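Two complexes are shown next, each including chain A; its partner changes from chain B in the first to chain C in the second.
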Partner chain A sequence: MQKKLYSIRNSIEENPQTKTIIRITSILAVIIIGILLVIVGINTYTWNEFVVRASKSLVDGLALSMLLFLMVSGFFLIFGLCGVINFAHGAFFMLGGFMGYTIYIATEALFLDIGLFGTNYFLLSIVCFIVAALGAAGVLAVIGGGIEFFTIRRLYGNVIAQILLTVGFMYIITQVAEIIWGSSVISYFITPNSQIEYFFISGVLDFGGALKFELYRIFLIFLGLGVAALMFIAFRKTRIGLLIQAGIEDSEMVEALGTDIKKLLTIVFMLGAGLAGLSGAVLVPWIGANTGHGLTYLIYAFVIVVVGGAHYGRFEGTFFGALIVGLSMQFTAYFIPAFEGIIVFIIMVLILILKPGGLTGT
Partner chain B sequence: MKHLLEIENAHVYIGSFHILQGISLVVPKGEVTLLLGRNGAGKTTTMKSILGIYPPREGRIIFNEEDISNLSTHEIVGRGIGYVPDTRRIFGTLTVEQNLIVSRRKNGLKGEIQDRLDFIFDLFPDMKRFYKQKAKALSGGQQQMLAVARALMNDNDLLLIDEPTEGLSPLLGKNLIEALDKLTEIATILLVEQNFRTVSKLGDNYYIFDNGKIVHEGNDMGKLVADKDLVARYLGVSI
Partner chain C sequence: MSNESIDDSPRARNLFSRFISFATKNKMLLSVIVVLYLLPMTTGADLSAERDLLSVLTQIMILGILAMSFDFQLGRSGLLNFGHVALFGVGVYFSAFTLNSVVFEGLNIIPYPITLIIAMMIGAFLGFIMGLTTNRMRGTAFAFIALAIAMFLYNFFYENPVLSGGETGLRVATPAILLTAPFYLFFIGIAFIVVIAFFTMVILYVKDRTETVGLIFFTPVMLSLVGFLLLFGTNIFGAILVAGSLLLMIILYLMEKKTIIRDPLQVPMQSSVDNENSSNPLNRYILPLGIIALSVGAFIVAFGTNIGDMISLWFTGTDVFLYRIPTMYYLVLSCVVSIYLFTRRIIASPFGRMMTAVAQNEERAGALGYNSYLCKIVVVMISGAVAALSGALYAPFIRTIDPVTALGVEVSIDAMLYTIIGGLATLLGPLIGAGVVVYSELNLVHILESVGLPGETWLVGLGVIYVIIVLFLPLGIVGSVSVKSRSFRERIQRLQIGDIELGIKDKDYWVFALIGTLAVFLVLLYLTIAV
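Now for the complex of A and B:
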């Protein structure tokens, strides 16, 4: 039996035509499954209801994907250049949420106090939000850089020690967050004085009919795209971006050409942790700041890397992986809520079986 | 004569293996010094210990009258050493241009970079053609040119060049050696080469390695080529 299977597999691998046929069939299969799901969806809800749910899932899914992409690109950079699987990355993201919240509340109180924006609460909340996002990114960059400089730097090449260390930091950061904020979950909505609802809740983009989208989610999509574009340009056009790329390929050679690789590793750790902090901070109005996020989002990061094929060193893999995870989570949230928590793992299992290298891998 | 680089009784270990067992050599300024010997004799390790990748546990390495044995790699290189590794180790995902940019130790002025590029294009006119291409798409010979060009992006007094003709066709190898010959006008060169005949015209001095020790040294390449016994014993060529 096994022999037979092997011979079938071999003949498939040797024949490029069968490969193309398989590829076309799998694309067709995905399309057909998609069409079937749409039909079932329309059948279950009315056409109008379906359009509303689908469009909301699309917007929310894209928004979540972009932010997951930012977080995971930090995870990927740290792994790519430093060779460290950073188990504390989810905790960085989680802490970014708490930091973003705290900085927002503080900046808002300050601006209200000095009356900087008068009664233009809409502008006020946007400015405070951006300050909070940048502030959280900065704080996390310093924390991440500090952890690299004082601990991980001594353990390069020792994978087991790195894993233990970063797992340890995950628990420490989580516990410290609970001690500082006194609660495992906080959200803007339990803060009565906050003006944030002017922007995040009342702010709506109305396309007529039932097509209303929260401004904040649209903002997230563009924020994610903007930061991704900035990173893309920085990696191609700046010397330090090129050095990071070169270092991912061969860090010893980068040093042999005269670059202080240790400094570069710290910078990348700061960048990676900063990206986690940024995405955590801008997602708080949506998902709240929750000490449980440390583990949850770490696992999402792994899933995204595996689904996208980024573990084969393809940076674009993180983008596609994040898109799939974000969109599938939101579509199931609107259509089959019971599956929201597990859909990404179902997809991961399917991809691991059918295409172990992930979407962009071999 | 003033020496640019001196190695004094260096003992180098990789893990628990005692690879270089007390080697001493000098690289005189403005000359080409060859490190010869079979595979695994310790030539590449010598280069890597100069670079601080495998620093000596005992002994000293002196560059420009300064002890560099305890410095880290980027500090050593920063004192004016260019490195062309044996397997080229170009950055495949970057273009040729980007490979050269990351090889600069400082940002520098546009004009200064242009001067260097002009020099490199003069040496390897072909490079202009594939300047914007991804390095992994280049042929072996083109990658080797790039590997040499990287070492020329800075003001280097010493070039460490490891097996430059490895894997190249005889014609390409010859062209490359001619290009290296031109470099001797601007820099001192320490060259590792297994195929010593291809570089015999280039070398001023030579050291022969065997089992982590220097077994023979001299400065008359003609005499070495003629010494069939020595060649057969240490350089793996039986005639």
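Now for the complex of A and C:
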């Protein structure tokens, strides 16, 4: 049996044509399975309801994946360049949510006090939102940079100690948040707690029937895409972006060519933590700020990195991984709610069995 | 251990010499576990502070077993496993189903010891499945496949309230066998065997160490045992008997010293028992047997009332729940000791070297002809069996289980923390790490409040402890201490008191182990009473 399998594998390696055939068949299989699923879906629900559910899950899934991508790219940057499995990343994300919430409420109160925008609540809300998102990113960047500068800097190369250290920070951040904001039973949302009870993009896009989309989620897709595009451009065009990319490929070589790698590592840590904070803050109007989010989103970050093959240093892996995880989660949430918590793991197992290196890995 | 049986049958002789060589080689182990085995006797058929401490120690040891099984994967064979909790959880749930009459009625008939064995088999089977994935999954990928398996199980129990007991969780009854006097007496018997082994070790030490150091060392040990009996014994006679055995030891020591000096050739004595030259029956048989008889008698006299009280509970049939804590403690302690010995044996075996080889460089190990795939599967299977055992012990201990405590990711992270804090790839490290973390989890609130800080910050305190440990003890407690104590040891070996050179050797360290264990116990007991 073993011999036979071996010979098949050999013949595949020898013939490049078989590889193409296998690739085409697998794509066809995926398409056929998809069509079958659609037919089953239409059969179970009516056509109209199917369309409603599918389009809703598409919008929600895209929005979630964009934001997951922002968070995980922070995780990936830290993992790729510093080699640190950052267990505190979920806690960064969670704290970013609380920072965004607090800063939003505080700036709104401030602007109302000085009466800068008068009764133009729309402008007021937009300015507050931008301040909150950037403020959360900034605070988290400072926290992440501080952690790197004072502790992790001494522990590069010692993976086990880094795990222990980041778990310690995860506990500290989570517990401090629980002391300040209460346990994970309570979620904080902006609109019910703000003074003017108005958020600039809280409406619903109505296409008639049950086809309603929350505007904020559509906005999130574009926001996420925009930030992602900015990041891609920054990585391709700026000097520091190129240095980070080169460092992920081969950090020793970058150091040998005269770059201060220590400074670069601190910057990357700040960037990663800042991205987590930004995505946490931007997600507050949707999922709220909750102290229990830390561990959940940490596990999503892990899964996305593994599924996308980003642990082999492919940046685009995080993008595809986030897309798959976000879409599959929302589709199961709308169609098979019992599988919502487990679908990402099923997909992860399937992908790892077919391609042990993840989607973009070797 | 009579004279005839030693001389007549070679097999008995073989067994006896094995016993002797075990006692001489495991001085540290024996002197630690003799204290641990004596602890439950200090409590009788009433509620006391010692019982609370025993309960805490039981929890520490159960989670210590979990950490040891985790260390077997990560420390010994380099397999990082985020789904370790799955192996633990199947043990928890299997043992819960056999002890709970609601879910599966048929499983109720399985007695608890067999439950433990079946749970280990289930754990090994799950470990086998996990191990199969190591062929293609390396490093992080394996960790996440295992995590996926754990999450499948978690979701399975979470989505099935019938199996997991819903909101309130599954209630687990205490196994009936734990509440019986014969089971208790069985472990008391084991405890006395350990006591006999310990004193055999002490006698061999006294005969071996005829230098002045010997006298300086065994006297404080016996005196601290006298103090222990005075503090916790129900009467004063036990302490007097131990003092008597100390007297006999000093006589034995002086006699041995004389024979050594009389010997003109100064032949170094390898093992006193095998040495046929010292044919004096007094210091060969009478004194050692007298010492053992006196000291075993001492413990029987000192704790007889407590043991008698416990046994009478069974006959009267009232308050049998009082058996629970001592028997559970003894069961878990025996499991810890056997797993410790088993792990040590495996690491020293050829298979253990193969594990190390595969962990360090898999390709090279493969090129040398080792089947690294098989090796990894076996490692995960063994580790799975041990983890399931700890789970099966944990279910009746914690009494109410829900999917989060049995199968949550937090348990994996905790097991990792215990291992890393104690020290990776050290035998005792995981146990000590579990001790530090679990004890501070249970008591940090009180400690912080007594200092004047708000108690709700205890998790912050725990995080700060982790950060401090990482920054100052990067190899874990046991690892870093053993590295740092090397120079200290060299200094202690050249220690002098006045003109006498002590010449402390490796075989003397058991004294510190015993006195240290007693001191730790006293401090913990004081804290339990004070808090």
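One rule holds for everything that comes next: the second predicted complex is superposed on the first by the 334 of 362 C-alpha atoms of A that agree within 3 Å, B and C clash if a C-alpha of one lies under 4 Å from a C-alpha of the other, contacts with A are read in each partner's own complex, and residues count from 1 in each chain.
Just so it is clear, contacts are C-beta pairs under 8 Å (C-beta built on N, C-alpha and C of every residue); 3 or more make two chains touch, one makes a residue touch a chain.
Please read all numbers here as calculations on a predicted model, not as lab measurements.
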Is A:E249 contacted by the first partner chain B, the second partner chain C, both or neither? first
Return first, second, both or neither, reflecting whether A:R239 touches chain B, chain C, both chains, or no partner chain. first
Which holds for A:A338: it touches chain B only (first), chain C only (second), both, or neither? second
Now for A:T174: first (chain B), second (chain C), both, or neither, which partner does it touch? second
As a test of reading the superposition: which chain, chain B or chain C, is in touch with more residues of chain A? C
Now for A:D260: first (chain B), second (chain C), both, or neither, which partner does it touch? first
Give one of first, second, both or neither to describe whether A:L165 is in contact with chain B, with chain C, with both, or with none. second
Complex interface listing, chain B residues touching chain A: 51, 53, 72-74, 77-78, 83, 85, 89, 91-94, 98-99, 101-105, 107, 150, 154
Can you tell me which positions in chain A touch chain C when the two form their complex? 87, 151, 154-155, 158, 160-161, 163-165, 167-172, 174-176, 178-179, 295, 299, 302-303, 306, 311, 338, 341-342, 345-346, 348-349, 352-353, 356-358
Under the definition above, what is the set of chain C residues touching chain A in their complex? 82, 136-138, 140-141, 144-145, 147-148, 151-152, 155, 158-159, 409-410, 413, 416-417, 420-421, 424, 456-460, 462-467, 469-471, 474
Note which residues of chain A are touching chain B in the complex, please. 239, 242-243, 245-246, 249-250, 252-261
